[in-house]
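A, B, C and D label the chains in the order they appear, each numbered from 1.
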Amino acid sequence: MKQPLVKIEDVYKDYQLPKKYLFQKAPFFRALHGINLELNQGSSFGIVGESGCGKSTLARIVMALDNPTSGTVFFEGRDLFNIPSAELRHLRRNFQMVFQDPYGSLNPRKNILGIVAEPLDTLKERLSFAEKKERVSQILVEVGLNAADTDKFPHEFSGGQRQRIAIARALITRPSLIVADESVSALDVSVQAQVLNLMMDLQDKYNLTYMFISHDLSVVEYVTDHVAVIYMGQIVEQGTTKSLFQNPLHPYTQTLLRAVPDVNPLNKRREVKERIPQFEMTSKSCPFLDRCIKATKNCADNAPKLVENMGHWVACFNPDVA
Amino acid sequence: MFRKLAEVFGHGLKNRSFVIGGIISLLFFLVAFLSYFWTPYPVEDINIAERLLKPSTKYLLGTDHFGRDILSMLIKGARNSVIVAFVAIGIGLGCGVPLGLTAAAKKGWVNELIMRFNDFTFAFPSLISAIMITAILGPGSINSIIAIGIFNIPVFARVARGAALSIWKREFILAARSAGKGQFKISVEHILPNISSMLIVQATIQFALGILAEAGLSYLGLGTQPPMPSWGKMLNEAHTFMHFAPQLAIYPGAAIALTVMGLNLFGDGLRDVLDPKLRRSR
Amino acid sequence: MTLLQVKDLSVTLITAQGPQEVISNINFSMDAGDKLGIVGESGCGKSISALAMMSLLPPDSQTSGKIILEDQDILSLNSTQICSIRGNRIGMIFQEPMTALNPVKKIGAQVSESIDLHMNLNRKQTLERVTELMDKVGLAVSRFPLNLYPHQLSGGQRQRVMIAMAIACNPKILIADEPTTALDVTVQEQILDLIRDLADSSGMALIMISHDLGVIAQTTQNVMVMYTGNIVEMGRTVDVFQNMLHPYTYGLFSAIPHAGSSAQKKRKRLSCIPGQVPELHLRPQGCNFADRCSKVSHKCKAIEPAATKISDQHQVWCYHPLTQEDKK
Amino acid sequence: MRIFLAKRVFTLVLTLLVATLVVFVVLEILPGDPAAVMLGINAEADTLNALREELGLNRPVLIRYIDWVSDLFTGDLGISYTYDVPVSELILSRITVSFPLALLAITLSTLIAIPLGIIAASNHNKPMDFLVMSFSQIGIAIPNFWFAMLLTILFSVTLRILPAGGFAGWDAGIGPVLKSLLLPTIALALPQSAILARVTRSALLEVLKEDFIRTARAKGVNNQGTLWKHALRNALIPVVTIMGLQFSFLLAGTIIIENVFYLPGIGRLIFQAISQRDLIVVKNLVILLAGAVIMINFVVDVLYAVIDPRLRGDKDV
């Protein structure tokens, strides 16, 4: 079997919280709770969840910008958290990131050349200024900007153009993986469509792998071929986009999908029923217990593991098999 | 670089504080510079016969109790103020900014340590440090430089850290880290340029404060020593003659006030000139 | 009965490029109990028009036209009269629940403030009213005591406090400016339900401002689509969303990836509107959308189009409304 | 709130300890032989030895430090070399001048500054604002001792209605005391209030831009109401910060001002002690001043939490 490009292995991430009593052991917040994933070359993998579910933390760990508390990430078979830092720096040319905020992700004090060329430092060979400029101009054209834009500064561009610059920066080292953390969320729909199209074209051209993180389900459905739904730091459902979106099994996935307001005013939504939690939540319970309409005693006592069901994986004792 | 400076300057010309403050500050520096080449009379010349003269065409601002020319002493005193304030700013920037940048980059106990050090140094206003130093070394202008410089360190460290922390949260820092840049390189390449305008503004304010502090120390006799004239020292001497030559108290004080006001206005103007640019490009 | 009538409203703001007209001559009206949506991309003037109705624009802005609430022109009132309308006859909810509440005041005090200002109640009655309001927005006082501070609540809960504040004095109109943009979908769903239920049960009119077509579709009966300070299409939500006539409205709809796209065998490119929303000082002459429009003609570039009535309920500001053919 | 206080008290004690260490190192160890410093270069060997013996300088450094710190707790600070009276007595008698002066000054400056700041902010960009700002620019630029001299020239030399200096003493009654403290208080307070007014104004203007101010206005609160009920408390954090800082400047200020007006306070004492090289007095006075500043910083930190509930670290719902 072919080796996966990225292998996320049992990743936990805890953040310390401030103490509430003086002599208490510092409490922690578990942002990620045993995440296992494999991303194959050329695929686009979606990570879906609400704010605070840990999806951005996961992105940062995959990018080796943050250390997991336990577990690790393999990139092209190499353990990112167990290699010399010089090697990691060099390896970084192969995975790059496109961020959410087109205004915050470009240093306002640097010109476009400086911004886009920055990842070139991860290459082993040192490039001359002329070589850098040549490569930057080339990539700018590729993302739909002008080769002459190298001397301009970020504030001279609109939000959509800035996001193109960010894509150019991520692409300049010809990486195999691009992690896109809410990369189109801040854009207006008309611009969002342009940027999505660009990303799709680039994927076809360079056989890129995307890890596409978003809270926008319709965008994820459109862009990705595999998807994982994260709730409170755990994967609750995972599978091919097609099977997951057409046949969501986990109550949480269903809640998410149903909550998206339909653009057709004739498709009136059902009212949400008020749920009264019936079971006491413990550290062993299913994380979705207090919001689940199908919760049982079993769910309160044991956390379900991911099991295969109807062609994809779901962590639920009572999946909705229609 | 030059294009940017020219741009800032162009915006500045529309700002009243920037222009007025800039002109006053420039005059002050020119006068201080002038003292190296020329003063109307040598300030060491004691001429008891012509003591405590009122302003006249010979002595534009009159003479003091030793018959020294007040104008000459003011000109030379400007030089003294500039040097003390400059070196003290240098100490503050040189130690404070790296400390602040480190605290912002490292977080954890390093940050805690630096911040405690900061709070602690704040507990010793320059006058108290100067008193301690004088108590063991005896008075001298070096004292004032060290004392004011030490007090400047936590000021710059705080400004640098505060500004740096907000820059560290921005996404372009994550981008730089994904490009394999370490904390030091990021601090120098990304953080510093983005907080430099704040540091410059703070420096002009500290410059003004430094002049005030130096005057205070010299006034108490803890700072600059005779025969080098200083504005604070002149005020101290004027105090003795307050009852029959009150005019002596006017000039040095006015010189201090005008200079400090000029620098403060310039700092305010500079902040306004630099700020909207920052906001727009965010 | 006409509750609110906006006549020839124009707003000019002072920007970095000098004074710019951000809203040009918009006209609309609504009756008691109506639910009106305003939709458009950032910078189209949808929030500005809401702020104009509340007279909350920056002091250096210029406003012309009329905003008639029942029988009063809001734009002609002095500041005392305006204050007696705000929070009393018009309530408003803002986008950022995190920053829209005063961090150093207890939530109970923040909700009771508008009651104290506009209703003549004694302390006990005020407390009763606040308790009733908190119940209504789903923050029962038993679980959420009134002495909590905003930072102790989640985003959705804060937005509920905002809603309680806005409806405290039974306003005639509730303006919701992107009330759920900062919230997660599941929370958004609850907040939208709450707003709609409150409007239905009290007969209060609702102006829902959003960039999200789905939100507008699910909460409004009428809608106006705005682009760079102009209304480009207006009508019943069903008509506009099912049978859009302006190329811009159509462009908006085709640019969003639709649910069910994963069912298709081959991924299609998204159709998108070329170019970008022009900056205010770079708006073209004539129709503002001309530069990005597929059906542009010479006329579009010369003269701004006036309203074309398609039916009693449906108007479009375009010389070349789309036909069924165009949409294929 | 409790854990917050506990943490702060812990840092307070730690900072105070470090302060004693620094003062001890600078004044007792760095000079090498404090006795030599006190007596000057021409001192005889046996006089030096006698003084060393008296000061206990022959004992190990660590013991000396511990002794001093415990002395600080008991209040037995030794005997002044020049005045030949217990240092604690000396300090206590001088504090009766300095403390009222500092208190009067900070009160006066706050009473002037906060209203001025509010007036300026509520008349933003109007003539009143410009007037307040001009006052502030001038006030910041004027050194307090020069201002003190100008006041003396005007009220004592020219108008002859207030004393040019000296302290009437508490035995003379409250009237003469206030009369002798009036000019020093004004000289200290006005420049301070200039800074504080400016900070108050800019803090208010900053807060007035916040979203929740718009919310308040949307509720129908008028301009005065938003300013007083919503903006003011939020603006207090920077104002309190600056007030804390000003207190330390004020201490420094009193040293100068007491010398201008010949007031027998702590400032005058420390100045005299330095010129007489009375290290015992200097050491204890410096730690007193530094301790006062540290205490004020502590109070400011606690005030933050009183003003802003977010800083209390309370439990969430």
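Methods note: a residue touches a chain if its C-beta (ideal position, glycine included) is under 8 Å from a C-beta of that chain, and two chains touch if they have at least 3 such contacts.
In this text the structure is predicted, and so the values were computed from the model without any measurement.
Peer 1: Please find the path from chain B to chain C through touching chains that uses the fewest steps, and give that number.
Peer 2: The fewest touching-chain steps linking chain B to chain C number 2.
Peer 1: Which chain has its C-alpha centroid farthest away from the centroid of chain A?
Peer 2: Result for max centroid distance from chain A is chain D.
Peer 1: Could you grab the centroid distance between chain A and chain D? Build each centroid from C-alpha atoms only and quote it in angstrom.
Peer 2: 54
Peer 1: Measuring from the mean C-alpha position of chain B to the mean C-alpha position of chain D, what distance in angstrom results?
Peer 2: 22
Peer 1: In angstrom, rounded to a whole number, how far apart do the mean CA points of chain A and chain C lie?
Peer 2: 31
Peer 1: Using mean CA coordinates as chain centres, what's the chain A-chain B distance in Å?
Peer 2: The computed centroid separation for chain A versus chain B comes out at 49 Å.
Peer 1: With touch defined as at the start, can you tell me which chain A residues reach chain C in the complex?
Peer 2: 50-51, 158, 160-161, 188-194, 196-197, 200, 215, 217-219, 221-223, 241-242, 245-246, 255-266, 268-269, 271-272
Peer 1: Hey, which residues of chain B end up touching chain D in the complex?
Peer 2: Interface residues on chain B, with respect to chain D: 116, 119-120, 122-128, 131-136, 208, 212, 215-216, 219-222, 232, 235, 238-239, 242-243, 246, 249, 252-253, 256-261, 264-265.
Peer 1: Which residues of chain C touch chain D in the complex?
Peer 2: 54, 56, 79-80, 83-88, 91-92, 94, 96, 99-105, 113-114, 117-118, 143-144, 148-149, 151-153, 162, 165-166
Peer 1: Please output the residues of chain D touching chain B within their complex, sorted ascending.
Peer 2: The contact residues of chain D facing chain B are 11, 14-15, 18-19, 22-23, 26-27, 30-31, 37, 137-138, 140-143, 145-146, 149-150, 152-153, 157, 164, 245, 248-249, 251-252, 255-256, 259-260, 270-271, 274-275, 277, 279, 282, 286, 289-290, 293-294, 297.
Peer 1: State the interface residues of chain D toward chain C in the complex, per the touch definition above.
Peer 2: 210-212, 214-223, 229-230, 233-234, 307-310, 314, 316-317
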